[in-house]
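Read from first to last, the chains carry the letters A, B, C, D and E; within each, the first residue is number 1.
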Amino acid sequence: ADLTKATLRLKWLPQTQFAGFYVAVAKGYYKDEGIDLTINPGGPNLLAENLVATGADTFGLSGGLDSVFAARDKNLPIVCIGVAHQLTPFVFVARADGPVKTIQDFKGKTVTTWFTGANHVLNAILTKNGIDPALVTIQPQQVSVTPFVDGQVDVITATRYNEFYTIKTRMGEEKLRTFVAEDSGITFPRDTLIVSETTAKEKPDLVKGFLRASIKGWKDAFADPKGAVDTVMALAPTLDRAHQEFQLAEAKKLMVAGKVPEKGLFNIDMDAVKITQDLFVNAKVISKPVDLAATFNSSFLDAIPLADRKP
Amino acid sequence: MSASTLSHPASAPGGSSSLKLLLPLLRLLRGLAILVAVFALWEALVVVFAIRPYYLPRPSVIFAALWQTPAPYVQGFLRTLTETLIGFASGAAFGIGIGLVFFRLRALRELVFPLFIVSQTIPVIAFGALVVLWFGNTLFAKAAIAFYLTFFPVTVNTLLGLESVDPRQEALLRSFGASPRQLMMRLQFPTALPQIFVALRLASSLALVGAIVGEWFGDTVGLGVLLLQGMYTENVVSIWATLLVSAFLGTTFYAVVAGAERLFVFWGAEQ
Amino acid sequence: MSGSAPDTVIAAPRANSRTLQRGVLGIVLFILAWEGIARGFHLPAYTLPAVSDILASIWTKRQILLTAAGFTITEAVVGYVIGALIGVALAVVITLVPMTRAVLLPAATAINSVPVVAYSPLILLWFGIGMPSKFVMVALAVSFTVFLSTLAGFDRVDRRSVDLLRSFGAGRLAILWRLRLPTALPLMAAGLRVSTVRSIIVAIVTEMLGAYGGLGWVIYQAVLQIDFVQVWGAIFVASAASLAFFGLIGFAERRIIFWK
Amino acid sequence: MGHRDQSGALLRAASETASSTAPAPVSAQPPLLEMKALSKRFGPVTAVDGFEAAIAPGEFVTVVGPSGCGKSTLFNIVAGLEEPDAGSILRFEGRSCHAHELLGKVSFMPQRDLLLPWRTVIDNAIIPMEIEGQPRKASRALAREMLPEFGLAGFGDQYPHQLSGGMRQRVALMRTFMFKRELMLLDEPFGALDALTRTMMQRWLLEVWRRHKRTILFITHDVDEALFLGDRVIVMSARPGRVKLELKVDLPRPRHADLVTSPEFIGLKRIVLEAIEEEAMKSFLAPGATAPQTDTPE
Amino acid sequence: MGHRDQSGALLRAASETASSTAPAPVSAQPPLLEMKALSKRFGPVTAVDGFEAAIAPGEFVTVVGPSGCGKSTLFNIVAGLEEPDAGSILRFEGRSCHAHELLGKVSFMPQRDLLLPWRTVIDNAIIPMEIEGQPRKASRALAREMLPEFGLAGFGDQYPHQLSGGMRQRVALMRTFMFKRELMLLDEPFGALDALTRTMMQRWLLEVWRRHKRTILFITHDVDEALFLGDRVIVMSARPGRVKLELKVDLPRPRHADLVTSPEFIGLKRIVLEAIEEEAMKSFLAPGATAPQTDTPE
C-alpha cells in the first residue's frame, strides 16, 4: 500500500488521556486511511503548535484553546480542526472540612494553579463572583500535590483525570470540595487537534482520514476501556493501571460532554470558543481577537458522516 | 613520577598474576557488600522512622517494582545507553579533531573559541523545540545534545594537552629532522592523551546528562522518559527505580572510560 | 580516585589584547551572520529571531528579565556557596579522619555518576518548587565537583613536604591549614570555576520543571505563550550572567593564586 | 651582579672561608646522637640493616653512599618521621628513645628545598617557629635580621618562583637554622645545584656553621663535598645500608677553596673513592623498579 | 647485582677503561665544525657573543661555564634549532651554512633525557631512525643488538618509568648514538645523575666513544668530568658567553678511574678552576629572574 507518512504530536507523554489515538494506531485504522502515523509524545518544554507550524509534525493534540489563541496571536500558521475536551478539564479543589466553602472564601487564601491558562480561568471565576483576584494569594502550582495534602495550600488546581485522582486516593473523595468553572458560566475547552495551514489547504484528505481514524479509535477505546488501557500501558508500563482506567473514564466524560451527543466527537463549539476568546482578550493574554474563521475549521469533521462521529 | 605510580596501580611492581586477577574481584565483592549494607540501612531507617513513601520508599519496594516490570527499565537503559554512546563517541572525536585544528590554526581558535565558551552557557533544555526541528524525533536528536555537552571539555583539554608539550622534547625531535606531521603523531598527540582522557571521563557523565535531558523532548523510551513519567504521576517508586538504573549506567560507563584510560595512558600524566 | 577531579579547565580568561580582539571579532561576525540569516530569509521568530529583535525585546522586558535574573542568580549563588562549603568540608573530613575515606569516596563517586538532572524529580517532590529545591540541586551539582577537586588537591601534596612539617612538630590540622589547603587551591579553583556555569544552568533547568520565578520560569512561560523572542532574550541574559559569574571567580582565582 | 652590596656576608664567605678557628670535634664528650643495630625494612626491601654511629655535639659528620642505600631512610628515622624496626637502638642526648619522640626535636632539611610557593622568603623561613606557636611578628623580625647572613638581603618579600635555585636552597637552609635545635640533618641540600654554585654554597655553609655552632649530619653523593665539609665521613654500603667505612677528616679549618687540590685531600679522597667503588658497582646496574627515583623530579 | 651477566660490556667499561689506543685528536685535519663570531641575542639578553671554536673530526671537546652563560644556546644553534644572529659564521664539513641546514645532520642529546613515556626502551631508541623513514622492524632489531653495549640488556621492552635515572640516561645516549651522524652534541648528559653513577657513566661513555669513533662536543658543569673526558676543554665566560680559556688535556688514553687523583690531572684542574672562579662569582649572585632555572626541574 502507498501510505502517507504523518506524525501526531501529543501534549504530553503516553497516558489514556490520548488512548483513542493509540488504539487507532494499534488497530490499523490510520493505515486503513492510507496514513502511516507515528505518535510523538510531548515534553515539559515542547509546544505542539510550534512543531506543527514549522512542519516538524503533521498533527498536534495541543494544549487547548489557550495555546491555539496564543499561537494565532503570534501569527503561527496553525488551524484547529477539532476539540477533544468540551468542558474545562480541571477543577479547583479545597478540603471539605477546610475554611474554603464557597468561591467567596478564596479571598485571602492560598490558591495554586498553572500559569499556562488555568490562571486565567481562575481569574475569570473570581471576577465573575465579584472578587478582586489581587485579594487571593495565587501561586504557581508544582507537580506534587503533597503541599495541598499536607494543608500548606488551601485550594489546588487539578485535572479531573490526573491530579484529582492522586488527591482522591491519598485523602479520600469525601474529604474534598470541588469548584467547577462551568458553574460560573466559564468553559475552557482543551486538548485541541491542530494542523498547519499548509496541510489544511493542500492535504484535506489526509486530515479527513486522520480524523476518521482517530474517532474510530476513540469510540473503540470508549467501548473497550480495558483493552485501551492495555494498549497504552504496553507503551508506558510504569503507569498505574487503576489510575489509567480512571483517566480514560474521565477523558470520556470530557469528550462526550456539551453538544457532542448531537454533533459528534471533536466538535468545535464556537460558542465556547467565543467565551474563551473574550476571557483572553479581557485578560490581555492575546492582543486582539483572532480571525476565528481562519483559526477554526470544522469542514474536515463535517466531511465525515455525523453518524460515524457520534459517540 | 611517584604520583603517576600511585594512580596507576597496574604499573606498580610486585603482585603475582593470580593475585592481580583476584584483586578486582575482591574489590567488586567489597563494593557489593557495601551496597547491600546501604540498602539494608535504608530499609531499616524507613521502617523505624515510618517515613512516608511519598518522601522515601523502601528499597525492597523499589526492587520489587524493577522486578515486576523490568521491560521499561531495560529498554530505557539500552536506549539511553545507545544515545549516550553515539553522543559521546561523536563528541569525543569532534572535540579532539577541533582541538587539533585549533592547535594548528591559532587565529581560527581565537576567533571561534569564545563562541564555544558562550555556547556552553546555554541551557539546552530551553531549546527542545529547536532540537526536534533540526534533528527530528530521532535517537540522533538526543545524541546531538550529548554531543554538544561532550565536545567542549574534550576540545579544551586536547588543546591544553597539546600545549603542554615540553618544548625541549619538540626541539629534540626537530633536531632529528621531524616533520610537523611526525611531531604530531609521535610527540604532541601522545603527550596530550592523559589530559584528553581526563576530559573523556568528565564527558562520560555529561553525555549521559545530555541523553536524559534529550529524552524530555518528546520520546517514548529512555531513562529520561521514565523520570518524567514518574515525576508527573508522582510515582516515587518509579523515580527511584530509574535513578538506580541511571546510577548503574553512569557508574559503569565511567568505569569503562576510566579503564580505557588506564589501558591507553599506562605511563600516567607526568606533570 | 583522585583522578576524577575536574582537571578540565574552561580556559581561564587570561587573554592578551590580540586574542581579545579576535574573540570579540568572532562574536561580532557570528551575530552579524545570525542577523543576516534571520533577516535575509525572513525566518519566523519560532525558527530563529533576529538578534536585533532579541536585544530590543530584552530592553522592553528589562524589568521582568532583571527580576528573573535576580531570582536565578540568587538561587545559583546560594546553592553554589552551600555546595562549595559542603564539598570542601567533606574533603577536609576525609583528610583529617582518613578512616572515612573508604566510605565517603565511593559513595560520593556513585552519587556523582548519576546525572544531576535525574535527581530533579525527587528534589522537587521533597523541597517544593520554591528556591530551596534550586539551592539543593545547585549545591548537589557543585559540591561533588568541588569535593573531588579539593580532595585531589589535598592528595597532591608532596609527601616530603608533609614530612618536613611533621619534623617541625606539626599536627594534622596545622598541615592541612598551612600546606594542604594552599596546595589544593589551584585545583579547587578549577573546580569552582567550572561549577559557576553549571550552577546557573542547573538553576534554570530546575526552574523549568517548576518554580515561582526566575529565568527558567520565564523561558518555560514564554515557550508556552509562543513568545520565542522572549525565550532568546532570557537565554541571552542567562548567558551573560554565567559569563559574569565565571569571570568573577576567574578574577578572584588570579588574585588569590598569584604564585602559579 | 648588582646585588654584591646586599649580600656582603655571603660574598665574604664565598670568596675566602672566614678566618676564626672552627670548633674542634670533641669525641671525648658524650655523643648527642647514638644509633646501634639500627634496621628498617619496607616489606621485602631491607633499606637499613644494623647501622651504627655516634655523633658528638658540635660535630659535622657527612654521609656518602650509593643511591638507594638507605641514607634518607636513616634521616627519616632520626627526624622522628619513621620508626626503626624492633631491636634498633636510638639514643638522643644520652636517653634511649622512640623515633617519634624526636619529632620537633631535630632540625631537618630534606633533599628538595620544598619551599611553599605561596609564602615569601621570610614566611617560608618562619614556618617552624609558627608551628612552635611563636608570635609571627617576632619571628618575622628575627628572620629579617638573618637575611644578609644567608645572602638573601633584600629578598625577604620575594616569592620562591622569583629566586634562582641557589637562593631557594639558601632559604631552605635558613628555615632549617631558624628551627633552633641542637642537631641538624641535611639531606643532600646541594644535590639539585650545578657544580659551580655548589662549591660556593659549601664554603658558605661552613661559614654559617662556624658561627651557629650546631651539630650537623650531612648526606651527599659527592666525595669532594663530603671531605671538604666534614669532620668525619661515613661511607655506607649498598642496600641494605650499614657503615662501610668511617674516616676522620683531619684537615685544618677554616678550609679554603684550593683545599680540594691539596695532596692531603687527594689522599683522603682516594681512600673514600676506593671504599665506594665496589659499593657503587653493586647498585649501579639494579633496575629502577627497586631503586629509588629521587633523581627524576616529578 | 643479578644483572651482571646481562651487561658485560658495560661492566667491563666501568671497571677499567678498555685498553686499545684512543683516537688522537688530529688538529692538522680540516675542522668538522667551525664557529666564528657566533652571537645570539634574546631580546635584551645577549646569550652568546663572539664565540669562536673549531672542532676536528674524532675529537672529544668538553665545554664548561657558569649557569646561563649560553652553552645550551650554542648547542641549539649547532643542532639547527636556532639561527645565530647576523654576522655569525658557521661552517660544517668545510662549507659555510645556515643553522637550519644542520637539522637532521647532527646528533643531539639535550640536558634532560626527554624519553617518551609511552614508548619502550627500544622504541625510544629508534625514534631518530623512524623519523628518517627507516623500516621499524630493522631499526628495532638493530637497537636490540645494541642493548648490552649500553648496559640495557633485558630492558628493551621496559617503559621509562620503570628505569632508574642512570638507565634512562643510557637510553637517551643510545638514542643519540642510533642517529648516526659524524658530530654528536651532548648537553650535560649526566647532570641529573648522582655523583657515583656519574663517574661510572663517564668511563662507560669513553669506552663507547672509542668504539664508535664520533666527534663529540660535551657540555658539563663539572670540572672533573670535563678533564676526565675531553681532548680539549673550553671554558666559557659568564653571560654573554665567549671563550675564556681553551685547554688541551694531554692526559693519556685510555683513562682510568684513578686519573682524577693524579698530579697531572690536579694540575690541569687547578688551571680550569682558577679560570672558572671569577666567572662563577659573576653569575652566582644574580637573582633568579634573569638566571636560567635549569637546575629547578619543572
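We adopt the following convention: a residue touches a chain if its C-beta (ideal position, glycine included) is under 8 Å from a C-beta of that chain, and two chains touch if they have at least 3 such contacts.
Each chain and its UniProt protein: B, C = ABC transporter permease; D, E = ABC transporter ATP-binding protein.
The structure displayed is predicted, hence computed values, not measured ones.
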| item | value |
| --- | --- |
| Far-end chain from chain D, centres as C-alpha averages | A |
| Of A-B and C-D, pair with higher C-beta contact tally | A-B |
| Reference chain E; chain at largest CA-centroid distance | A |
| CA centroid of chain B (ABC transporter permease) to CA centroid of chain E, Å | 47 |
| For chain A paired with chain C (ABC transporter permease), centre-to-centre distance based on mean C-alpha positions, whole Å | 39 |
| Intercentroid distance (Cα basis), chain E paired with chain A, Å | 85 |
| Overlap residues in chain C (ABC transporter permease), where contacts from two or more other chains coincide | 46-47, 121, 124-125, 208-209, 219, 223 |
| For chain D, residues contacting two or more additional chains | 161, 289, 293, 296 |
| Per-residue overlap in chain A, given as positions that touch at least 2 other chains | 44-47, 50, 54, 143-144, 146 |
| Footprint of chain B (ABC transporter permease) on chain E - complex, ascending | 76, 79-81, 103-104, 106, 108, 110-112, 114, 116-118, 127-128, 130-132, 159-162, 179 |
| Residue ranges of chain A in contact with chain B (ABC transporter permease) within the complex | 7, 9-10, 12-14, 38, 40-47, 50-51, 54, 56, 143-146, 162, 166, 235-240, 243 |
| Complex contact set, residues of chain E against chain D | 1, 3-4, 6-7, 10-11, 14-15, 66-67, 151, 155, 158, 161-168, 191-197, 199-200, 220-223, 257-258, 261, 266, 269-270, 273, 276-277, 280-289, 291, 293-298 |
| Chain C (ABC transporter permease) - residues contacting chain D, complex | 158, 160-161, 163-170, 174, 178-179, 182, 185, 257-260 |
| Chain C (ABC transporter permease)-facing residues of chain B (ABC transporter permease), complex | 2-3, 7, 31, 34, 38, 54-55, 107, 110-115, 117-118, 120-123, 125-126, 128-129, 133, 152-153, 156-157, 159-160, 195, 198-199, 201-202, 205, 208-209, 212-213, 223, 227-228, 230-231, 234, 236, 239-240, 242-243, 246-247, 250-251, 254, 258, 261 |
